[in-house]
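Quick one: this structure, given as structure tokens, is what I'll be asking you about.
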Amino acid sequence: MEYLFAQVGVAVFAISGVLSAARQRLDIFSIVVVGLLTAIGGGTLRDLILNVPVFWLQDLTAFWVALGASFAAFAGVRLILKLPLRLLSYLDAMGVALFAIQAIDKTLAFGYPAAVAVVMGLVTSIAGGIIRDVVTHRPTLLLSRELYATPIVLGGILYVVLLQFMVSPLSRLVAMGVMFGIRAIAIRWQLFLPLRLTLKIDLDDDQQR
Amino acid sequence: MEYLFAQVGVAVFAISGVLSAARQRLDIFSIVVVGLLTAIGGGTLRDLILNVPVFWLQDLTAFWVALGASFAAFAGVRLILKLPLRLLSYLDAMGVALFAIQAIDKTLAFGYPAAVAVVMGLVTSIAGGIIRDVVTHRPTLLLSRELYATPIVLGGILYVVLLQFMVSPLSRLVAMGVMFGIRAIAIRWQLFLPLRLTLKIDLDDDQQR
Amino acid sequence: MEYLFAQVGVAVFAISGVLSAARQRLDIFSIVVVGLLTAIGGGTLRDLILNVPVFWLQDLTAFWVALGASFAAFAGVRLILKLPLRLLSYLDAMGVALFAIQAIDKTLAFGYPAAVAVVMGLVTSIAGGIIRDVVTHRPTLLLSRELYATPIVLGGILYVVLLQFMVSPLSRLVAMGVMFGIRAIAIRWQLFLPLRLTLKIDLDDDQQR
């Protein structure tokens, strides 16, 4: 079940990569490369940092799912664009929550402290999207005012706390619910963090560095 | 022979990095850093993902070649710019083909399946150029309509198929010929993939994510 | 003492990341992520390339310092902006020098030759800043005409040469002094390398690749 969900997450990320790349007229292979990078980039970075074998070299399923989803998204882009506007955002939010929880589990399994696990959850779930934005030369998702990192951090902290008190499957369900829930609410009602939890400064270049 | 070709590939990549960086007025050390990143970035990423020692730490030749070529390109930029317009493109195409085949060989040698090898061939041969474009803040080569990834993917697939039937040196020659040939034809006659193998969508930002 | 300085370097880098991110209105978690990436990105890349455990997974101090400094910079941004204009630049120059020397020591300790150590010193000390610029979608520090890479390269070469003749602590002091000194002079009097050590070419896109 969880394994299946993870593959759905990979597929959703691949689709989001394809849609992002297709803003410019690109050929099919360039588009598929962006889809792949988006889908497996985050997990790859996580495994490099943890110094463990890269997950998609261990089990090729995720690789094939990412590849298939990228080609399918290319072929079926008209269908995808007919879906209700926010559906992809919700799927993305679900994928992000899944990736984060899995990364936390994996990091804890290697004996790292809870704080590291929360960070690796965040890294895993946003790195693919950041790589997608960088290679398609767009402002990265970190620069959007959307609540993107916030629900992952809050849900991740909640998860490692819950693990002290509850059995793992239940904790996982609650934490993923919180991650998905906060983001879904933010998507639905276009919510942001209150202004006082944001920052914007004006600097000329000399001051800046 | 192959070893020599590989060093030529490294040198060509370093020069392309220097030319890319020199679009802004930069000092010599910044330019050489971009040259180095372009030349050895792709192979470095390949080795990190395969979890094997990074190639230029094992054998410093590639490192010195990249460094020397970067300085030489800085010093001799006037000469380089006098070369026939497309010569550098052809050299780059040759370097890309070499890098891809070497990466496929290396990946297969570590026991990974053919599909992974083809992907690592692609990663190795384009990552250096993508890093170059990212650090010089330009649209990455993935965003160009040029046939860049396509010949590598097709040649890579051909190579792993041929390896089943032919001895390695011959397969290598044929595959590299195909990789170089497709790209050379595309450069010479400015060809792209047929429109139906490309994709461009218009999304406003809300739909996009 | 050195350990303490290293943490100061981490904190300074985190602050520079926060200030860079805060040019757009971002929420607190996105800003802290950029602070973290800037502070520990360079050392992470060094350890990945050297194939040794990532430093902040070994000793969480740097991680907590980076996290704390990022939150503190968010909270105290008004105070920071009241500091004398160039103070942050000087602190950054100090952090860079520290990171470079530490990376050289670490690389030499693993038995790599001096040339590799100098490169790793450069990689470690500038990668965090480059990652910061990439994720905040700005021209990277490599594209600035400021003397950024130059003092690190010169100081690094000096350091590995001095190590042949002098005891390590003294060499370290001299090399760091040179790194910091060149950059401080450049900041103070806005110096650049002489024009003939820079390069700028004009190419149209066809010639370029």
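Here the chain labels run A, B and C in written order, and each chain numbers its own residues starting at 1.
The definition used in the following text is that a contact is a pair of C-beta atoms (placed from the backbone, for glycine too) under 8 Å apart; a residue touches a chain by one contact, two chains touch by 3 or more.
On a predicted model such as this, the values are computed, not experimentally measured, just so you know.
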Through what angle, between 0 and 180°, must chain A be rotated so its C-alpha atoms fit those of chain C, rounded to a multiple of 5?
120
Numbering shared by both copies at the chain B-chain A contact, with half separating same from different:
different
With centres defined as the mean C-alpha position, give me the chain A-chain B separation in Å.
28
For chain A, which residues are shared contacts with two or more other chains?
48, 134
In the complex formed with chain C, which residues of chain B make contact?
16, 18-31, 33-34, 36, 44, 48, 53-54, 57, 60, 63-64, 74, 77, 81, 85, 88-89, 92, 134-137, 141, 144, 146
Name, in rising order, each residue of chain A that touches chain C in their complex.
48-51, 112-113, 115-116, 119, 122, 126, 130, 134, 138-140, 142-143, 145, 147-150, 153, 192-193, 197-203, 206-209
